[in-house]
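Each remark here refers to the structure printed beneath this line.
So that you can tell them apart, the chains are marked A, B, C, D, E and F in the order they are listed, and the count of residues begins at 1 in each.
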Amino acid sequence: MERNIESFIGCDSDYENADIVLYGAPFDSTTSYRPGARFGPSAIRHESFGLETYSPYQHTDLTDRSVFDSGDMELCFGDPDRALSDIQSRASIILADNKFPLLLGGEHLVTLGAVRAIYQKYPGLHILHFDAHADLRDDYLGARLSHACVMRRCHDLLGDGRIHQFCIRSGDRSEFMFAQAGHTDMHPFDFNGLKQLVDVLRRNRTPVYLTVDLDCLDPSVFPGTGTPEAGGVSFLQLLDAIRISCGADIVGADINELAPMLDSSGMSTAVACKVLRELILALNC
Amino acid sequence: MERNIESFIGCDSDYENADIVLYGAPFDSTTSYRPGARFGPSAIRHESFGLETYSPYQHTDLTDRSVFDSGDMELCFGDPDRALSDIQSRASIILADNKFPLLLGGEHLVTLGAVRAIYQKYPGLHILHFDAHADLRDDYLGARLSHACVMRRCHDLLGDGRIHQFCIRSGDRSEFMFAQAGHTDMHPFDFNGLKQLVDVLRRNRTPVYLTVDLDCLDPSVFPGTGTPEAGGVSFLQLLDAIRISCGADIVGADINELAPMLDSSGMSTAVACKVLRELILALNC
Amino acid sequence: MERNIESFIGCDSDYENADIVLYGAPFDSTTSYRPGARFGPSAIRHESFGLETYSPYQHTDLTDRSVFDSGDMELCFGDPDRALSDIQSRASIILADNKFPLLLGGEHLVTLGAVRAIYQKYPGLHILHFDAHADLRDDYLGARLSHACVMRRCHDLLGDGRIHQFCIRSGDRSEFMFAQAGHTDMHPFDFNGLKQLVDVLRRNRTPVYLTVDLDCLDPSVFPGTGTPEAGGVSFLQLLDAIRISCGADIVGADINELAPMLDSSGMSTAVACKVLRELILALNC
Amino acid sequence: MERNIESFIGCDSDYENADIVLYGAPFDSTTSYRPGARFGPSAIRHESFGLETYSPYQHTDLTDRSVFDSGDMELCFGDPDRALSDIQSRASIILADNKFPLLLGGEHLVTLGAVRAIYQKYPGLHILHFDAHADLRDDYLGARLSHACVMRRCHDLLGDGRIHQFCIRSGDRSEFMFAQAGHTDMHPFDFNGLKQLVDVLRRNRTPVYLTVDLDCLDPSVFPGTGTPEAGGVSFLQLLDAIRISCGADIVGADINELAPMLDSSGMSTAVACKVLRELILALNC
Amino acid sequence: MERNIESFIGCDSDYENADIVLYGAPFDSTTSYRPGARFGPSAIRHESFGLETYSPYQHTDLTDRSVFDSGDMELCFGDPDRALSDIQSRASIILADNKFPLLLGGEHLVTLGAVRAIYQKYPGLHILHFDAHADLRDDYLGARLSHACVMRRCHDLLGDGRIHQFCIRSGDRSEFMFAQAGHTDMHPFDFNGLKQLVDVLRRNRTPVYLTVDLDCLDPSVFPGTGTPEAGGVSFLQLLDAIRISCGADIVGADINELAPMLDSSGMSTAVACKVLRELILALNC
Amino acid sequence: MERNIESFIGCDSDYENADIVLYGAPFDSTTSYRPGARFGPSAIRHESFGLETYSPYQHTDLTDRSVFDSGDMELCFGDPDRALSDIQSRASIILADNKFPLLLGGEHLVTLGAVRAIYQKYPGLHILHFDAHADLRDDYLGARLSHACVMRRCHDLLGDGRIHQFCIRSGDRSEFMFAQAGHTDMHPFDFNGLKQLVDVLRRNRTPVYLTVDLDCLDPSVFPGTGTPEAGGVSFLQLLDAIRISCGADIVGADINELAPMLDSSGMSTAVACKVLRELILALNC
């Protein structure tokens, strides 16, 4: 008899043969409002058995891909430094093995761990950032490692003009001014301008990290998140944006901020599963 | 004093004088993921007292119709054969009395009981099928009587080209290939092509069974169902589709797959009530 | 040390310096279906700390305004007469001090208390009414002071042609006939015609009361309300309508019918907070 | 085919042949904290199909009794006077037909309607009152017809020494002083003294009304109520107390204050069903 | 990197070296009232990471034991025959390998599969049955394979006097009469008589199957089950009963009827985890 | 008009005149399992309006006391060091003003901040610790500032024999061995030995800090907490223990670990409110 293995559905490859490696970061210690994103990756894995592996949108199937699911890391609650370092290490190993690191958050801060690892390998890295929130605060109640500051920390690393933000509809005034000053390339509310941007990135063979904060979706579609913001995009719009983005040279990605306990209907987790399926299928790995 | 009668609101006709007869099938034993559709029909009846009988969409009122609500059947859990046979019997009696059988599920498998009865009376029967799922598996974990196989079982009965599927956005690859091979007339994602089809059906005076799996709706509108699938249609689109469909010669119908406990907000049950009201008002009985 | 003050976020002005005064009416005794709107105003205040004060839609910030939050009144449950009288008194004081009264319900009946006070000051008052329900019954199970009758009571006061209703999609037949007979100016389903109307109201310098029953929103966006009605408007449509309305001479306003316990995800309360923020920012005070 | 009759399980007698008549009062307009008791009686009826009719505690079965379930009255929300008058009328009819009136609340105020009717027939009436709350306020925020005042209103009617209160563990200081002054016979916390009291009542052939506010139970057993008060009695203690009480000459009874929506697990409704079954079986009708 | 293995906490032995083997039966198709027990075993496994492996009651630790967790079987919904046969096969393999089969339900019917396998090996088998329900119906709505009939089916196999029932407090009259007629050894309400019985079983070296329907616990402790029955035992009483029972020669066991979705607080799953830990630690394997 | 002040009911004293000062620490960043304790203090304050100020257990009233509620501190999520330092500062100010600091958590780690301040003033400090968990780990996944280590950190400060633990029923083996080695005075499961201990403490005039982790209560009474542990004490037992404890010279106290979102029934918050009321009334300030 075999042990009880729980992977995201259809992701049953060996590590050696895998092109894509899933790794979960169940961390939400800096969440300022409603916590629970720590349960996101395991919920996605657990509820994926209600999902079909086949996509009628892309006419292909997860079983056509080689994906390994390495489960959740054991991260230290209450110590963001240590947690980020552990995430960075895991991502570095996956990259060193020439596999695609696909991170499941957790709060959005976890992205910083992955970006640090990927930036080391790809110094010319750009970031595609889908999110309701600008995440550009320099600190939040004194903390510089906070989910509200994650893109600002990425900016510290990458510098001006390399973070492309879409769907943004929430932040304090200073964050919007920071973007307007040219530090980031912010597209408020929706995916306007994405196609043109990806064309440029592809032409330039720019390595791109894609980070999908699922709260870019409208709360009607995705209520199960810490800080739902009305006025978001639809599932089909996000699907489209993911497929467009995969026209660029995506070298790492994550989806994050599912807080499954906040949506007792389960539809948020189901949407997250489907977004993950479509992202895997859209990647050119 | 009278006993406590609980009917769907505005459906207070005697059986003798009724044109339409509601009958509930509180069955969900073959549901593979999240059960609870058994509570659908009684929830619809129970919560209908929060619904107006008047439709501003159709400018007419349930009290203008003659509808009898025969309540829920007592079905045997864990024995699909027996349950389907009981549903078929109830439908046959209603048909024999020249009334319109309007079934409230329950999981989608219950449709098979109704279709068997109606097919006996109308051998030229076609089916209009609104659903997120193809329901065309030949078996599910060995069971051929499963909610995931119901349209395949209907196909066994009716044969090629007589099942018209709309809004389909989930299934395994073999189901989509079964449809593409011409066995069913599948319209993925939405109601594209419905109007043209109904024109043909009306011209040919084809008897049509309409089965509405409420999960054709987007989960944002209808989260209270066993397997919510992002990317569905809106309430107004479904309303439109129902009114278009009633241009054909509808000889039987059902709505199914409300699992009220999965949506603690109650909006799913409220939507189901309104869909039922609009369906009754759209029928030419 | 200071006492624990809980105001709607960014509304920290002194009463003396305030242009706008928030006052909460935690009353829902006449709610006929699912109660709980009594908890609306305190939930809006309590959960507002998850909201940004800055609006990327209007490029302005609550801290640019002078708003005083006077908290919830202590209203007598089970006695609508007394409750309405208390609301009227509070509104009158705010008006007498030349401040803008912005009421947080509570069930929709609370609007009548505010309208009575404002009508005394502005006898030429018109009402802009956003709602899923017509609220035009003359009585409900014998009660004339009911949330289902509130616009009828306002009509008693204001007379024909001065109540402008938008988004209406539920009511009994008599209510729609009452409107069609010209007693009110009813625009079913959406905001069609709002812009033209506001142009006229502005040109005529008509004083206008704006009452927003949040159930005008689609239940997918706002499930947390007593009687959710499918087929409503989106958040962005409501936002637009509010900004258009503020082109007229708004002299008082309310938002009502949030029942936070009916939506365990919290997204309804979050939407209500954002609607309130945008309404405050759109007002020309 | 028959209409859909929904009675409390095993209560299928005709009115003519019934010894006991159930009548529901779905009213909660004066509830000061968390409303929802209006849904109590229909939930008890609806969920009773999960209950056995047989009691292993009393070795007897509901089918051995003759009980008629007259369903819920249509009461006017927001008008306690009118609601109480309707309840009184219904109770009076049942009494006039020499049947036992068994009321299902609703908030506790509904008891007053029943007591008024029964007091007319039995001027020597005493009341057995099981409750966490004293309910002896003279008014609540100005209202004298409030659930917090119901026993005080009964005292207005019956006078000193005829209300026997058990399990009381909440109230303001004045209520406890009112009792201590001898106006009521208050037994705090539990059923201490019940047996002795019932012996006296039986010997004196005193007609007794039994009112069971289910919040006398500990919240661990019965969380689904507006104002749960820790430190209550267990289910088996309540069972015992009911059977002891039925040694007296009970001439009317009620159970009240189930708010089913406040307990999503459903155990509160299940307990209420079982208490009702045991009460019916314990009555000497 | 390793695949994501999800075992009950502290149960990390290889199959070969294991003394005890856990196997999950996620089946609830015959549940007559509220389904959901299918999610029991995976919830127990999933939430066990909130449990300590050490027991202060037994001063020992799960890591001192050798337990293998074989995960959930893939059972066919809607076909009890097939499901029971699959469970029987799994139990037979474990027995053939001289390991202790410890089944996690699912609805109570799953016990029949295990008992069939164990009875083959131990024809002198007795059953210790802890449950709120007698489960002695001969059929339920026509079905003989139903969770309400499971002990009757076991009686078909074992015959009179070999099923020892404890905590029973619900059933129809015929079930209690069946027991009283001597077919089973029924101890209503609690564990009265357990100690004496186990002494006899031990002295006779009788092989015993222990089946724990967790609804023997009071609903205040364990609300998350299909049919909660007030008046049950406490956690500490059950703990005691389990340790007493393990004085006999237990040759197989199960715990069942956790329906985790019915208890949003999670305490029911937490209790089930602890009962399983204590049962494993009490077994003499 | 006044601003909206939200204090725990009956705690309306000025700071200057107050004997007791409430201060909330909405922090839960190190919670290892289910977060949410951050919402505890505001829920206690918010829901206290459903509580009576009078205690029938102690025959006294909160309005007889002088208590100031200083609201919640703004603590930095994700940075335990900074948070503890802020809590320590607040406690020190209250102590310096010769008032009694009564802390509302938050996860249990917050106690460390208060103990540090109080230990500075009272070097002979002992701690009375009511909890389901030993909280004696030296680190948790590498973090030494974790809710699972809080009593160990207090032990670092106070040394052997000065921490008296009651109700403990969960921990890993090493924690129980640490206690058995005499480092702490551990009383497992219940309040056995409390009375004798308090007698000694009183006689010695030992200054005592009382920390009540509400999960010492049985989960049936208090499910709304991160890690519910079956087998706890009842509300009345806790009440008794608090009153006994107040026989000693209590110089500071806290109650913590209410996670209100985990109990949708609200009974956990209601219990916490009542425990706080009874604690305030039992203190000799």
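Please note the rule applied: contacts are C-beta pairs under 8 Å (C-beta built on N, C-alpha and C of every residue); 3 or more make two chains touch, one makes a residue touch a chain.
Since the model is a prediction, treat every value here as computed from it, not as a measurement.
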For chain A and chain D, chains touching each: B, C, E, F
Lowest number of touching-chain links that must be crossed from chain B to chain F: 2
Where chain D and chain F overlap in contact partners, by chain label: C, E
Which of A-F and A-E has more C-beta pairs touching across its chains: A-F
Identified repeat of the D-F interface (over half of residue pairs identical), from A-E, A-F or A-B: A-B
Chain A onto chain B, rotation angle from CA fit, given as a multiple of 5 degrees: 120
Whole-Å gap between the CA centroids of chain E and chain F: 38
Chain B residues counted as touching two or more neighbouring chains: 34, 218, 220, 264-265
Topology of the chain contact graph, where touching chains are joined (line, ring, star, complete, other): other
All pairs of touching chains, each written as two labels joined by a dash: A-B, A-C, A-E, A-F, B-C, B-D, B-E, C-D, C-F, D-E, D-F, E-F
In the complex with chain B, residue positions of chain A that touch it: 49-50, 52-54, 56-57, 61, 218, 220-221, 235-236, 239, 264-267, 270-271, 274
Complex interface listing, chain B residues touching chain D: 1-7, 15, 21, 42, 45-46, 68-72, 93, 264
Residues on chain B engaged by chain A in the complex (per definition of touch): 33-34, 168-173, 176, 188-189, 218-220, 223-224, 227-231, 262-265
Chain B to chain E touching residues, read off their complex: 28-32, 34-36, 38, 74-80, 82, 140-143, 145-146, 261
